[in-house]
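Chains: A, B, C and D, in written order; residue numbering restarts at 1 for each.
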Amino acid sequence: MRISLKSIGMTVKLLAIVALSAGLIMSPAMTGGVQAEVKKLKILSNNPFSGKAASWGFSQDRGVGLAVDKVNQAGGIKINGETYMWEKIQCDNRYIPADAVSCLKRGVAQGAKFMCTLGGAVTKPQIPLINKDKIVTIAAIAGGADFTNANNKYLFRTMPSADLTIAIEGIKIYKKLGVKKLVLLTADNVLGHSDAKTLKNALKVNKMSDILVAEEFVPIDTGDFTPVLTRVLAKNPDHIEGGAWPAAGLALLIKQARELGYKGTFTNLSGAPKVGPLVKIGGKKNVEGVIMLRLWPPDQLPTQAFKDYWAEYRKLYKQDPGANSWESYMAFMHLSAAVEKAQSLDPDKIVAVMRDLKIVSLLGELQLIGKDNPLLPGYGINNQYTSPLPVTVLKDGNPIIYK
Amino acid sequence: MFMQMAVTGLVLGSIYMLVASGLTLIYGIMHQVNMAHGVFFMLGAMATYYATEVIGLPYFVALFAVVLVFPIIGAAFERGIFRNIRHIWLAGYMATVGVWMLMEGLGWQVFGTEQKAVSFPITGLIRLPGGAVLPANKLWVGLIAIAIMAGVYYLVGRTALGRQLRAVEQNPRAAELMGINADRAMAKGFALGVTLAALAGGLVSTLYSVDPSCGSTPMLKAFIIIILGGLGNVTGSVIAAYILGFIDSFGGSLLGYQAGHFMGFGLVILILIFKPSGIMGDE
Amino acid sequence: MNSRLAPYLTALAVMAALALVPPLIKFIAPDKWELTAHIGIKILLNVGFGLCLWMMLQAGELSLGQGGFITIGAYTTGILVAKYNLISVVWLGYLAGALAAAVIALMLGYLIVHLKRIFFLLVTWSFAEMLHPVLTSFEHPFGGAMGIIDIPAPEGLTLFSESWTGYYYLALIYGFAVLWIVWRIAGSKVGLITKSIGQNDTLVTFCGLYVRKYKVMIFVLGCFITGIGGGILASYLTAISPETFTFFTSLDIIMFNLIGGMGTMAGPIVGAVILSGLNEYLFAAGYWRMVVYGLIIIFFITLLPGGMVSLPAALRKRFTRKTKKQEVGLG
Amino acid sequence: MSLLEIKQVVAGYGPAVALHGVSLSLEQGERVSLLGANGAGKSSIVNVVSGLLPVRSGEVWFQGERIDGWAAHRIVGLGISQVPEGRLVFPKMTVWENLELGATSLKDTVQKSQLLEQVFELFPRLAERHKQMAGTMSGGEQQMLAVGRSLMSRPKLILSDEISMGLAPLVVRDIYDTLLRINQEWGVTLLMVEQEAKLALEVADSCHLLESGRIVASGPADEMAKSELVRKVYLAED
């Protein structure tokens, strides 16, 4: 065989291509191999940091971040004599289910055994992986027994589910308001659909099914509700339930309904939108009297710890905290305490401790419920956090506790 | 309800017409599909927000400031990025995508994630016969949109600048022989399109909310419109805007939101397949 | 070295090297294997998608609807295998997904093949956008906003101790199979005809060839292969919803070609490796991801329109003499 | 000083060279035509002067100013106006708009309206149809429009390219008559490219013969008409 310059060149090229492609794929394995002195416990913040749900993602991430700092400043946690520090790693899932799965896989690969996430749509596809890899997860999700059930041992719900909000508080509020014609106008996503299911069930149980005159689902980024409002207002409702709109969506919904001459009342029981943007976008006059759950009026905070949290959050981020920030803060404190109490990193042991552990946190006593609770049908497991649930109404642009 | 749907359709149509005008113009003059249209819409809305709510200017003064500032921004983008590549259609398209992503990403960094609102100075409710209602702000935005569109018609159809722009569009080489600086004319056209987008942002955002991605949905609507109307055809896009307004209004009210959305894109595909030159095309 | 065999040998060598990556990493850094596998899978599948688009691009038209065909492949697989359990073999589910994508591509392609450039781009884009409201509106069979969950892994993947290795090899085979098919087609008579259509279709018509037939053929084939990839992705992600593959998925696939370069087949491969690798690293970056994307696009369009593969030539040119800007690939 | 002077100009399209060092000069009020076969470089000369075709080497001077390298739109302002090959009127604009565009380089509105009147007087057909879309007119009318449009910049030099192309002889004659009138009445210099050699020799004072990018013969039109070369090849006489 004659060795020509060309064939040498070819061989060199070939070797280069092989080395380059293998190197590119292996590059993540090469980075960050140095082991830290202090042992780390990693929690993955699998949240949307861009896109329409970004404000929820930041709020949740910041809540967990504050909790992580708090525990670390107190010296971390000790397990079997060794000190562990918490580390939060971020992954932007853009509120897209596939990206959330990718994020979880990345997190697992980076050694995260714990996770916080939000949104039913993005949590649902993660469940098989959470169960398989035993990732202890605190998640802000509304749907009911679809998420919290005996099969999903590692998934803890930080926010009150629709069974606690719509099915219990909601019915109370509807009765108090004397609602005769109810319209559900909610987001066309997992949350909205599960809210609808819960609402219909609750109405049935309370023999009020006939008050629901219409249900509509529209995309979460809808700007102009006029067409769909024209459709539902033709049924002359006296109450509109928004379910789980973020601030801008709810504000536009209310504003445009008022512009079309709607005189009735509004509730938004699943979501806890920020009041500032809600009032600004919707207009102070329009949003007057809107009833929401999980929102604390800044001047009526129940405990000193909560006031401190509020002040610290304001100082750091120049805005009021959102509901899922303190809910995930409390849940993380609880999780961290459980890890220390379990004296083990075995997820099974940790979750067993979590279910029975009661701690005092921002809003007083925090505990997990769900098992054998007639109000929470089908849960069968203590994986639902509870804490006092305020009912708030907007008055003159400010939230006050609804009597 | 019929009356209400018709009114909503008219209002949406006027809004869509304004939102699509800049996009039509830029395609008409430069044959460039401007994917950064939504970003300029957003920047216009943000500029209006900062001018009114932060600096405290009266709303219409803020709008006037937008009209003064955005031609410069548009011309800068044209000179900096698009001029050298505009003869390659894909490069032009992708470059506008790049500008879109860059500016929206920066927008989230600079303006933050909290949604903002600009309030329109005129409020109130107008009751129409047939049980329909029309909010005063929507009426005014619609009327201003029609006025702006009339202005665009005058500018393009009756003024020397408009003649030059059309000359460049029809034959850049012959336009050069007339003593028209084709490069500069295209920069002017692009600046005009960007200003219209920003103006639409400043006006339409008063009806909705403002955040760094608030231009995406209007841009989607604008795209449907300019395809339906025939790319670059101003009259076609005006007609298409009202068609889409009525589709959204009647479809959304009678069949539900997603149906309206689906019908819009369905119509686009049908038009593109069977009459790519649009409803007003010559073919 | 026989020059006809050389490309095969190169490909085989690279494939063998990549096949050795899992045992190697499991040996060096076992805790990094999962992440490596995840990125590797993404890259290899994207290489396949990028190559399919490149093949269509040879015929002169650019589709901005490839995300839609991934969706069709993924949903068909999901509906048949997971939601209604109509097919018990997942591999057949992939085939069904690919067939569904191909049939829809055939119908669409037949109708839109006469469109050129921006019109083709816009109509494929509209098509992909239209899928979203359809998928969210119908609980049956699409699963509405919830989408489809619990999509199983294909049979045989259990051969490996954990599924990631299995998916890695599956993606590896997919990527190289697509490479092989696209390479064979590019070298064949059909490939030559396609290429000449891309350069001047009127001339090809004068040669007595039926341009539409070839264009549709390539489009359908590209979508068929993309559909298989969609099925694999559905299994890998285990859950899909209407938002899983968006406009940005389609855009990414164009970007692979843009960044890599459209002149040669190496372009989309290089582009897919760089961009999907980068994408995985940018997950933590939030909004900066958009900024980086935007800058990358603008950089390549304005400064390096021939893509990464033209970089050596561009550098050489820069050092020798400043000449007029090249316009490789971007017709 | 000559009105227009071209010195050793080399120019071309891409790798192809169309002009290999062409020199010629025009005096004020002259009528010069360029003769030659297809691809001999006649149009290239015109395009070099009007700035559409960049010069690779050599110089172009107009009224003592060096204009090679100038952009086409600037050259119009100096008083050089082209009637381009294929007319290139703006089809989707009215006759009036086309004429207005011709006057883009003029700032004086009074002069503009005077010019418009003069053009309408020269071409009454344009006045009749000033509201019609240019694209809907006949070829002859479009050519009249193209000439009229070029007059609207009040040029000192008109470059005309293939006026007779695709038109009936009578119409062509008409248009050339008008051009000659402009030459005499307005003192406008004419540089004409004309495929039809007979016509070219008839309307011009002097004439240059081009072959593959070079001037091979020049002289007064009547002398050229008698020369062996021109008679045999271009006038097809025996």
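Convention: contacts are C-beta pairs under 8 Å (C-beta built on N, C-alpha and C of every residue); 3 or more make two chains touch, one makes a residue touch a chain.
As the structure is a computational prediction, the values presented were derived from the model and not from experiment.
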item: Third chains touching both chain D and chain C; value: B
item: Most remote chain, CA-based centroid, reference being chain A; value: D
item: Selected pair, greater C-beta contact count between B-C and A-B; value: B-C
item: Interchain centroid distance [CA atoms averaged], chain A/chain B, Å; value: 36
item: Geometric centre distance via CA averages, chain C-chain A, whole Å; value: 33
item: Approximate Å spacing (C-alpha centroids) for the pair chain B, chain D; value: 43
item: Residues within chain B bordering two or more other chains; value: 108, 256, 258, 261
item: Two or more partner chains touched - positions in chain C; value: 136, 286-287, 289-290
item: Residues of chain D engaged with two or more neighbouring chains; value: none
item: Pairs of chains found to touch, sorted by chain label; value: A-B, A-C, B-C, B-D
item: Footprint of chain D on chain B - complex, ascending; value: 160, 163-164, 166-167, 170-171, 173-182
item: Parts of chain C lying in touch with chain A, wherever the complex brings them together; value: 1, 6, 9-10, 13-14, 17-18, 20-21, 24-25, 28-29, 31-36, 38-40, 42-43, 136, 144-147, 149-150, 233, 237-241, 243-246, 273, 277, 280, 283-287, 289-290
item: Parts of chain B lying in touch with chain C, wherever the complex brings them together; value: 33, 81, 84-85, 88-91, 93-95, 97-106, 108-109, 220, 223-224, 227, 231, 256, 258-259, 261-262, 265-266, 268-269, 272-273, 276
item: Chain A partner contacts - residues on chain B that touch it in the complex; value: 1, 4-5, 8, 11-12, 108, 113-117, 119, 125, 133, 135, 138, 207-209, 211, 213-214, 216-218, 248-254, 256-258, 260-261
item: Chain C-touching residues of chain A, taken from the complex the two chains share; value: 7, 10-11, 13-14, 17-19, 21-22, 24-30, 33, 49-50, 54, 89-92, 95-99, 101-103, 105-106, 108-111, 121, 124-129, 188-190, 192-193, 217, 219
